[in-house]
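The letters A, B, C and D name the chains in turn, as written, and every chain counts its residues from 1.
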Amino acid sequence: MSTHYVCTLVFRVSLLSCLLRPTTALAADVAKSPHGPDDELGVLNTLTTAQSVAVLQRVSSGKVYDLSVEYFVGMPGLADLGMGDPPYHIWMTHTPSGIKVEKLSPAGGPPDLALYDDAVTMSTHSGTHFDSLNHIGYGDRIFNGFEATRYLGNKGWTKAGADKIPPLITRGILLDVPATKGVTMLPDAYEVTTADIQQTLSKQGVRLQPGDAVLIRTGRMTVWPDAKKFVPNEPGITRDSAAWLIDHGAVLLGADTMGVEKFPMAKESVHAYAFAERGVCLLELAWLEDLAKDKVYEFAFIAAPLKLRGATGAPTRPLALPLRPATPAAPKAADQ
Amino acid sequence: MSTHYVCTLVFRVSLLSCLLRPTTALAADVAKSPHGPDDELGVLNTLTTAQSVAVLQRVSSGKVYDLSVEYFVGMPGLADLGMGDPPYHIWMTHTPSGIKVEKLSPAGGPPDLALYDDAVTMSTHSGTHFDSLNHIGYGDRIFNGFEATRYLGNKGWTKAGADKIPPLITRGILLDVPATKGVTMLPDAYEVTTADIQQTLSKQGVRLQPGDAVLIRTGRMTVWPDAKKFVPNEPGITRDSAAWLIDHGAVLLGADTMGVEKFPMAKESVHAYAFAERGVCLLELAWLEDLAKDKVYEFAFIAAPLKLRGATGAPTRPLALPLRPATPAAPKAADQ
Amino acid sequence: MSTHYVCTLVFRVSLLSCLLRPTTALAADVAKSPHGPDDELGVLNTLTTAQSVAVLQRVSSGKVYDLSVEYFVGMPGLADLGMGDPPYHIWMTHTPSGIKVEKLSPAGGPPDLALYDDAVTMSTHSGTHFDSLNHIGYGDRIFNGFEATRYLGNKGWTKAGADKIPPLITRGILLDVPATKGVTMLPDAYEVTTADIQQTLSKQGVRLQPGDAVLIRTGRMTVWPDAKKFVPNEPGITRDSAAWLIDHGAVLLGADTMGVEKFPMAKESVHAYAFAERGVCLLELAWLEDLAKDKVYEFAFIAAPLKLRGATGAPTRPLALPLRPATPAAPKAADQ
Amino acid sequence: MSTHYVCTLVFRVSLLSCLLRPTTALAADVAKSPHGPDDELGVLNTLTTAQSVAVLQRVSSGKVYDLSVEYFVGMPGLADLGMGDPPYHIWMTHTPSGIKVEKLSPAGGPPDLALYDDAVTMSTHSGTHFDSLNHIGYGDRIFNGFEATRYLGNKGWTKAGADKIPPLITRGILLDVPATKGVTMLPDAYEVTTADIQQTLSKQGVRLQPGDAVLIRTGRMTVWPDAKKFVPNEPGITRDSAAWLIDHGAVLLGADTMGVEKFPMAKESVHAYAFAERGVCLLELAWLEDLAKDKVYEFAFIAAPLKLRGATGAPTRPLALPLRPATPAAPKAADQ
């Protein structure tokens, strides 16, 4: 049922990979999009406006769940991985006292107008954010075969950046895996298997549909923002469970962790698989605690990343609104 | 009908203001919130979940209008005002070739995994963004009397920051003023008056309601992103027209300009008035061209700024979905 | 013999300090400069060109010791103190491949010209650097009574910034305290006393002179750049030993640590004392290992911080050149 | 007489260059260093400590000329070229009022200790700075054949960065070309020819020697810091005049402009030639006005760039001290 990408196993001919692996090795490769050689959206091409209307009309309480964390100096993030990414930083560019000393003239206003301005530096993968399809690829290529040599500038890619991700208004599904397992938080490096997911769906009484945004809760946010506890060895899905979710309709895979997948990454990386082989974006560092507490497993999911041109990721503040049960006329659930 | 703040004219006692103005001068002052001394939300306290449900259930086509501009190096912004704000900047923190040279080890994955990461610096008032209530005040105080001496840190305010702005799901109204005036774009420094707004509402057949997000189109985006044409002397609303809009139900004032109000600012600044006297946020640099082209004047408006803790502004990617006509049972329109 | 600043004990009248300390408390205060109310240089006013010539003419070997550490991502610094300072960061703004993708046109040159550019973010107190006199003061005032309310902008001070520090060419003295003590490195939080300094001078056969730049080695650089070992609880001088050094001619106090003084700071902070009471800058994170290894205790010291306008500190790359023994006609050593 | 690099004309085989130029084209290539395949210093290998001593002993007045401009928000720089480099920016990371609001605890000190800290962002080519040998090359290679594919990380090069440039203490020569020409400032895009240089040397009564740092004044600093006048179409030397200077002993070429060479660059770029073919660094944005005013044409030149690891450039604050005439025993001047 799922929208499948043409994904082939190919024999790598580059000298480098010949040196790095047995010459008989077969590797996964980036997918050609079924939506054409210029496609930068991937599976999000398949979302329809009918789906958006249908899900919004099922909104019941009007209660809005905010799925984003705050951004603040000291928040856990890529900087904690020791690879040299800058941490989140914010500073004041204007305060009334500074403006007075600098003899600046804000453009008009009353004499006692008091202006405050600030600025930030951050990784595009800070806080709750989308990963774009150009975040990770294989070798020199990303999703749909776009090559770094042709499309990677010093200010981001010219292909498949965060600016190309359309707004998502679709059904969202929370998979509260620790609730299924009877724990507060999944253990470090725990692999969320397909069986775990099926068990959770069953327990929650939910079936996946094409177009679902699937958010996997690991409970990791219960130790947020303690970077030492939060960052290393995250629990998460595997390539197998990611494949099962996408095959059953997921158009977005999200989690309450920095990486969605289990870390350290397995050889079969979920990131690379989702982006480069399936055309599926990830949503990371989502705040799922409120949904879980209220046992809201099905909701209207509304999200759109900042349109940072060419960026490999972008912050977002996704919203979730609980739904009333679907009527019999609702779209038929996917075969599971 | 509107939710009014207790806003008083007071005699300023500070020595500074005594020096700056005749001792008999009366000045506008920051408002005390009717929602209590700890209130940081302002008028957004008044939005109800019933309003959110009602508006979502009127969504008709499912077509989603994206009201955000892209973020890119060279985009117009505060940096063009010459007050020393940093321009938008993005750079690559990781590329596969760099990672190889630096002998970094991303946490696992296949040998040919290719990782791309980037980071940004920007003013919090970059691109499409909310202005928080702490952006501008009078003297040492902002909305609800919060004082800089008590609440302004080097990393933003501890009060009324962007992180405190709740998600907005409410009715949105586009006021296409240049269409009313029969021009492509309002002239430089044009004052959008109450009469202009009333004329536009009338022409569009729309009446304001409590809870509306009102977006004023000036046509300025027709010269975007030419900073020399876009930035100086923006057209926009005045304190009078802002007051009329808020009095008639607006809980958010937005525009397709950097400042919403006419620039240079009049002595009676809309920014200061909206934030400090009325508890109303602004939405700036909104992309309204698609709504205008399709004559979509009434829509579900969905927006939530990034939760940058304490920040005076925050980027957002607002969405608009056209509505079908309201049924007779719909909330009674405000008296205009 | 020393150049003394007019430094008075005053009764603080602010309500805050009344609450924080017994009302009978007397506190040290910022000094008025003997060089006048506009003076921003402090004790460096007293250096003469004759001293510079005299010391350069005693340069013997021409060997140049480089007293600066490198700047690199991950280097220890203020960011390690957990107060939210940004760490050192460097990135490429242009590479040939990026320029090609972005279709940029560097201004001319041959078709295969390959341009590489980079940019940095850092605290002004990164790596080997001067502390300016405006780095630390008491209450609202810094050295010479300059008040933050009048002179502190959002882009640094308009008084006593790094740009005001003149180039120093003077005699430098290394005090190798761990060599005196027979240890590799002084223990954590060790207080370098006046006795330690006198003992070291005696052991090294050196006497202080007016105009000396005095560099105190603690051995801390033997654990550089291990931030966990380097940063917490640095050994260093005390107010008493700082006073003795300044009284005996030191016009600059430097060390191979982040803070020169013992940390955590004593109530009588060396920083505040040196800047605000004596008009003496500090030199921090100096690389003294090569001088110590070669037992070079007396040298021509040449240093000038980057002229970062208004900044509280600025990087520098100081040099040291060994001297031959002074002739009998040399300036008479200070009385010790 | 000069230290020559083995510089060959080669036939480029890359497909790209075949497409870009006639297949019969011959191009300049990067040089192999005579100092070996690992050499990253270039011609600075040839400076001797004897030269440093000799020049310092000729220092006469002790007067120190500061050859650096200030760094400030709004200063002209690469950002003005429109290629997306970040402008210089400085901000406060700590102020006493902010620290109090944030409840931070600087490590100890008295209760009224007032701490001010700041941070900066800048291109490494901001203000007075060295260009490193890795700043510009040909094709994929820089000086001494170092290849970007092997040595270019995301945090700078691992070869020939600013950290590898040794301190320079040598004779400096000012060439006041506008004085020779009888103008205040050379015209836009003026080419400083070998004849201009010879005429200036003759008028000034100076002969070049091996080891000289040669600083070419164009008078451009007379319009500093007006970016519109300063930046476009700088006057400067040509490949021919650069070659003549290096052939006659120059180990550093500096100027009072952003690019030392005439802009727009000629096909035969001085940058590429100096770095990649001759192993000679550049010094840019030097402040030469004071030397010129005082007619100081010969001086001890002391400079060392910040050791920014791997960087393509680095700020510096060079110093110049006038010399007394050389004695007959002085090193023999180069044959010119």
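The rule is simple: a residue touches a chain if its C-beta (ideal position, glycine included) is under 8 Å from a C-beta of that chain, and two chains touch if they have at least 3 such contacts.
From a predicted model like this one, the values you see are computed outputs, not experimental measurements.
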Mutual neighbours - chains that touch chain A and chain B alike: C, D
Residual chain groupings, excluding chain B and keeping positions: one piece
B-C compared against A-C, more contacting pairs: A-C
Chain centre separation (chain C, chain D; CA means) in Å: 26
Geometric centre distance via CA averages, chain C-chain A, whole Å: 46
Distance from chain C to chain B - Cα centre to Cα centre, in angstrom: 45
Residue list for chain D, restricted to those that touch at least two other chains: 73, 84, 86, 91-95, 102, 119, 121, 148, 152, 154-155
Complex contact set, residues of chain B against chain A: 12, 16-17, 20-21, 27-28, 48-54, 56-57, 59-64, 66, 68-73, 78, 81, 83-86, 90-96, 102, 104, 106-125, 127, 134-142, 148, 152, 154-157, 163, 166-167, 169, 263-269, 271-272, 300, 302, 304-313, 315-317, 319, 321
Chain C residues within the chain B interface of the complex: 84, 91-93, 119, 121, 154-155
Chain A-facing residues of chain C, complex: 73-74, 79, 82, 84, 86-87, 89, 92-95, 97-99, 101-102, 121, 148-155, 158
